[in-house]
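Two complexes come next, and they have one chain in common, subunit A, joined by subunit B in the first and subunit C in the second.
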Partner chain A sequence: MNCYMNTIPIIIDDKKLEVDPGKTILEVCRENEIEILTMCHLKGVLDIGACRLCLVEIEGVNKLLSACTTKVAANMIIRTNTDRIKKYQRITTELFFAERNHVCAVCVANGKCELQDLGYKVGLDHIRYPHLFPQCEVDTSHPWYVMDHNRCIMCTRCVRVCNEVEGAHNWDVMNRGHQVRVISDFNSPWGESVTCTSCGKCLHACPTGAIWPKAIVQGQLQKNPGMINELVEKRKMKL
Partner chain B sequence: MDKRKIFISPVTRIEGHANITIEMDDHGHVSDALFHVNEFRGFEKFCEGRMYTEMPTITPRICGICPTSHTLASVKACEMIQGIQPTYTANLLRRLMHIGQNLSSHALSFFHLSSPDFLLGYDSDPAKRNILGIAEKYPDIALKGIRLRKFGQELSERITGKKIHIMGIVPGGMAYPLTEDNRNALLVWIPEAIETVQAGIGIIKKFHEENAEMVASFATSPTLYLGTVGPNGEHELYDGKLRFIDADGTILQDQLLPQQYLEFIAERSVNWSYLKYPYYKPFGFDKGFYRVGPLARLNVASRMRTALAQREFELFKQMNNGKPVHGAFYFHYTRLIEALSDVEDAERILNDPQVTSTHIQHHGRWNYEEGIGSSEAPRGTLFHHYKTDETGKLKMVNLLIATGQNNPSMNRSVLEVAKQYVKGDDIKEGMLNRVESTIRCYDPCLSCSTHAIGQMPMVIEVKDKRGVLLKRLERG
Partner chain C sequence: MNRQDLKTIIYAEKKKEETNKYKHKICVCCGAGCISSGSEEVMKKLQEEIKTRGLENEVEVIPTGCMGPCNQGPLMKFLPEYNIYQKVDCSNIAAIVQSQLIEKKPIEDLLLFADSREKPFIDARDDPYFKKQLKIALKNCGHINPERIEDYLVHNGYLALDKVLFEMSPEEVIAEVKQSRIRGRGGAGYPAGLKWETVYKYVNDQKYVICNGDEGDPGAFMDRSVLEGNPHRVLEGMAIAGYAIGANKGYAYIRGEYPLAIKRFELAIKQAKKLGLLGNNILGTTFSFDVEVRIGAGAFVCGEETALIASIEGKRGTPRPRPPFPAESGLWGKPTLINNVETFAAISPIINNGGEWYSEIGTPKSAGTKVFALAGKINYAGLIEVPMGTTLREIVFDIGGGIQNGEEFKAAQTGGPSGGCIPAEHLDVKMDYESLVSLGSIMGSGGLIIMDKSSDMVDVARFFMEFCMDESCGKCVPCRVGTRMMHDLLQKICDNKATQIDLDRLEELAVYVKETSLCGLGGSAPNPLLSTLRHFRKEYESRIVQHD
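And now, the complex of A and B:
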């Protein structure tokens, strides 16, 4: 008889686990120190499975599923580090770099960038896809912050944190495919936004050098994405 | 008329890529010589639309040899935009880093790139006429040169954690302080560095003595000179005002603010090179050629800031009875006098009690739409000029690089030396190396690449005016 009455048995990478049924595969993996690569996941806001880096294999399921949006089920057999998954992680990372203009050497986030860390993790030594080199505007209209679309990877962490945590919903998304862009209000300059509270949460949520404070230069950027979840938890305590 | 040309492509043992074309008349005499810089970088254009505060990070990538000079010119332009000044300690640390880069660059120019000509000879085997050849025949000198460069780079590394493309020089000051341990570790280097520079001075002086005729007649066209000086005309690399002198040493302009550079310098493009032709505006394009760099800095300076360097400076000044020394060959000597001054100045700064203070940055924000900064790069005076909109976004970037300012003179020097050494169809490799070495005197920095070993193949072709190949020499 199962002694963990409220848990379910699953297997991840040949490791037998008893886990809470309401949790996502990503949450279970993080709790059990099983590494899953992520980019759009930000603890404290809703997961959307956008970046496709956390794909896992589940026995009996033909396609790969995103660990951040798939909940565990009893007797699931999950694999997180097969050659197939590694191959897709590498492809996804290369596409991130090929889609916009990422030049780490001159980026304000150099050394403090989750995309750069991801590149190192997957062993990115070259990019097999042609770079799109899109002409992206740098929005400097905000008095304190800069939005550089050249460095945006469309993880939409800024969009979600602005909506779900700050409640301002300054940021949103327009267009489709590689024309997709994060926009302020109805695609107006950020400095003209009537909804932005200038709280700076989007800056901390941004995994790259797309959103950064005007006052700093390379080597001075400090981001604290963990602060977002702390805020969320503290608010729950007040309730 | 059967007009023939000699192409030297690429020019070796310099930083960057360039060719030389020597045009000859049908009697085998040199009629013209052109120095082509055949790479296009485009920094001024693609920086438009970026935040001005990104420039101290972007512009050092122009060059792997003098990134600190670019950063300094850039942060000074940013500080003018913000209307702030760096702290006292930040100025000390910036000076230290600039000294480190200057030493490193001068060591590279003298020991790695040029000493093979002096120690092995212009006509020695090209395959061995490089730093490896020096290491084989004079291992002690090669090691000294390499270690001097290491000291220069360590000055940056011990302050910011990086040897090149440093981070940490920021508008308003510095991002990182110097620790007591690092200060002490740097002070240990001083005696060895002074000894190495003095050994280098010994080498060049010996070469001067043994080749007096060649040195005295090597690219000696008189030009104007531009350099940065302190309030009393003292030699200055980091912060000061500008001085122009004419070929006789008369001061044309003194204590000019770098922000006034456009009043005195104009540029013209030519159709055979991506490098523009700057000139001293009041004298016009034909008479306004001026030079920058170590030779120019010592020609314009009234004195050095340190004792040992002052002693050498006085000997240098005696060479032409106190008037400017024009021979391009003396770039090497002046480079080493500067290196000596650098090491002595580094010792003075490292012994300043304030150098380890943590009061290293003043903070500011965008206040003005225009900023101009300058610094003395190893190869000469460097200007960064930015214009922004009211949000800080760059609308205009103008970078006036030291090598560009020497371009007209380099071109003229190449012609002079070609006329002296290239004659007829019998082109010897050593002759062409002399033409190349004219360029090397200026230590031009044409891009961020360094061909320190000189392995690049060189092809020289003699063609008639229809492009028919008459003669071909290859090496590499």
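And now, the complex of A and C:
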């Protein structure tokens, strides 16, 4: 860290902190062990503020702002755990589960799923909204991997990893609204992709069991989302 | 071209106008509305008729932009008498020409509003429809040929640009806009002068001006009419903005559904470039400014500024969180000023007449005039421009001619899918930003849909929710899934299958989506629902299934 850098005072949940300007609220919270729930955030790729789980209240700002994309400013007074925020986190989680077809009992990611963890964290015991049960395809055309859109939560971590870290830009998003889908190339089967390098980073980036290697069964998925940032850091190192 | 050349052209054109050999000028509305009801054939027929009668040296026929009462089209205006004919048909052109030009008296039965008023006004300017209006942004719409830059020059076109370039510093331009207290006409109503100043203050070699013409609200067509009727006005406003903030490049983002607006705007750019009013070294000064058109591909969300910017950059049109605002980091990361078509259209009159003049129109907090697109169950649907603070009652009954078939007014929907409904008990609400917000609606871009008792308010809410659900970009969870859930719940109520629990869920979701969505689309998607719940709760409750 630059020793000439001035720190700025902020208050998060009544805790007075001196932090580096230029950091996001999320980074500061993580460094100070203040829990912020996230889903679309993945260290190593750009933040997009899409899942809205990390929303925080800031005094003097009439809107809730996403902690992952908002930088700290001097004398900010931030609240991360008000009743309103907790309530909204629960609704968001419920909507995640109701949107597509999440059946933990038969999922490869059972036990290693960030969505499942989120459910436990917000104390989800039932979902108050009707499940939409959309008909989603399962793309098994890739020789090694499977893309199961039933389990996709549209966090687009795979899209960003593929674009920003691998540089292949195999994944992208098509359609609008509740009909959005992650697509390979221009919506061709993954196995026919001309851009995919089969590096497997998207498997590690995926928070759920939407992308997984073939030949594993329920609960066997092994993944390491932290490796994405490790890679990014290693690439910055001079040889 | 330098300044002197411009003055010479304007002088020559004005002289031509004064010593006009034509005794009559016939304006035929060639806005998209009138064209769709056949005004192009009318114009062709009219020209033939003039020719067969040998009047072509006496009468000039020009196509113009929107005149206002769109559902009475095709419209035809005779100048200098100001006789406007409505619903002109090829079959009655001969009779109109005979009576108007030979016998020198209008055919009263065919005049504007002749079929709905006891007696039509001979001089249309006396009609309350026009008398109650004040046209600033739409000033020349319906008077000039939008495809001729000379027509605009004669009506003091580009004088404001000339003025700022030679007589004002960028700071003075910004001060003038600030003094006018004009607020962004795109919907949110952020003070335009303040926005200009913010962009001006960011130091950068490259800045951009963007004109937002991605008007997507159902039933709204203000921007289309301005772009079709007076494209040079918008262009001039953009150039002035470029000078004020220090940008040399502008983009006009116009939705692909407006082919005529795109055509006329592109033509305007070409004409202005030819005269040196756009491009390098405008009027011989060091100021250069170029404008390019970008065509929207049909996504409503691209009217949101950050999504629009992404779209111009060639990316998927999805919004990103703000801050940083485009003023700081916009198009390609550069400071960007983004204003609505109507805002830019009001700039040159503000420069010409002074900010103080503009600020005295309207209400203290909402200065100036606002263009509304009147639609729905109203007699005179079309485009109007009124001073801010005009009451809804005046708009509906004095200008709009009341409700169709003498029915009772039930509600007015303002602001499209981001707005709300105003019930009959608030007919006297002043149409300005604050008053509409206090009723749970918003000014929005100016869509105004009038409903009578045949409208089912739950279905209205369901319709707008369906629109938002389809148009959500799908990036953030509350908007992507929340609008779908709310739509399904509203459908359930419409089908008389919902219970009180469903209604409670719906209300909870509405507040949640409003407060947590990433951009303005999701943030305002629950507004039609919340406002109908507020003013018409009984309609919801009467459909709830009661369990005993």
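By definition in this document, the second predicted complex is superposed on the first by the 233 of 239 C-alpha atoms of A that agree within 3 Å, B and C clash if a C-alpha of one lies under 4 Å from a C-alpha of the other, contacts with A are read in each partner's own complex, and residues count from 1 in each chain.
What we mean here is this: contacts are C-beta pairs under 8 Å (C-beta built on N, C-alpha and C of every residue); 3 or more make two chains touch, one makes a residue touch a chain.
Worth saying up front: this structure is predicted, and the values here are computed from it rather than measured.
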Which superposed partner A:Glu166 touches (first subunit B, second subunit C, both, neither)
neither
Quick one: classify A:Gly177 as touching subunit B (first), subunit C (second), both or neither.
second
Quick check on the superposed pair: does A:Arg52 touch subunit B, subunit C, both, or neither? Answer first, second, both or neither.
second
Greater residue coverage of subunit A in the superposed arrangement, subunit B or subunit C:
C
Scan A:Glu27 for contacts with subunit B and subunit C and give back first, second, both or neither.
neither
Of the two partner chains, subunit B (first) and subunit C (second), which one does A:Leu95 touch, if any: first, second, both, or neither?
second
State whether A:Thr70 touches subunit B only (first), subunit C only (second), both chains, or neither.
second
Regarding the shared-chain residue A:Glu114, is it in contact with subunit B (first), subunit C (second), both, or neither?
neither
Looking at the overlay, does A:Pro130 come into contact with subunit B only (first), subunit C only (second), both, or neither?
second
Jot down the residues of subunit A that show up as touching in both complexes, subunit B in one and subunit C in the other.
none
Within their complex, subunit A touches subunit C through residues 48-52, 55, 63-66, 69-71, 84, 87-88, 91-92, 95-96, 98-99, 128-130, 132, 154, 172-173, 175-180
Parts of subunit A lying in touch with subunit B, wherever the complex brings them together:
105-108, 110, 137-138, 140-141, 146, 191, 214-220
Touching residues (chain side subunit C, partner subunit A) in the complex:
299, 301, 316, 320-321, 323, 469-478, 480-485, 488, 505, 508-509, 512, 515-518
List the residues on subunit B that touch subunit A in their complex, please.
49-51, 53-54, 56-58, 61, 160, 165, 167-168, 170-171, 175-176, 363, 365-366, 389, 391-393
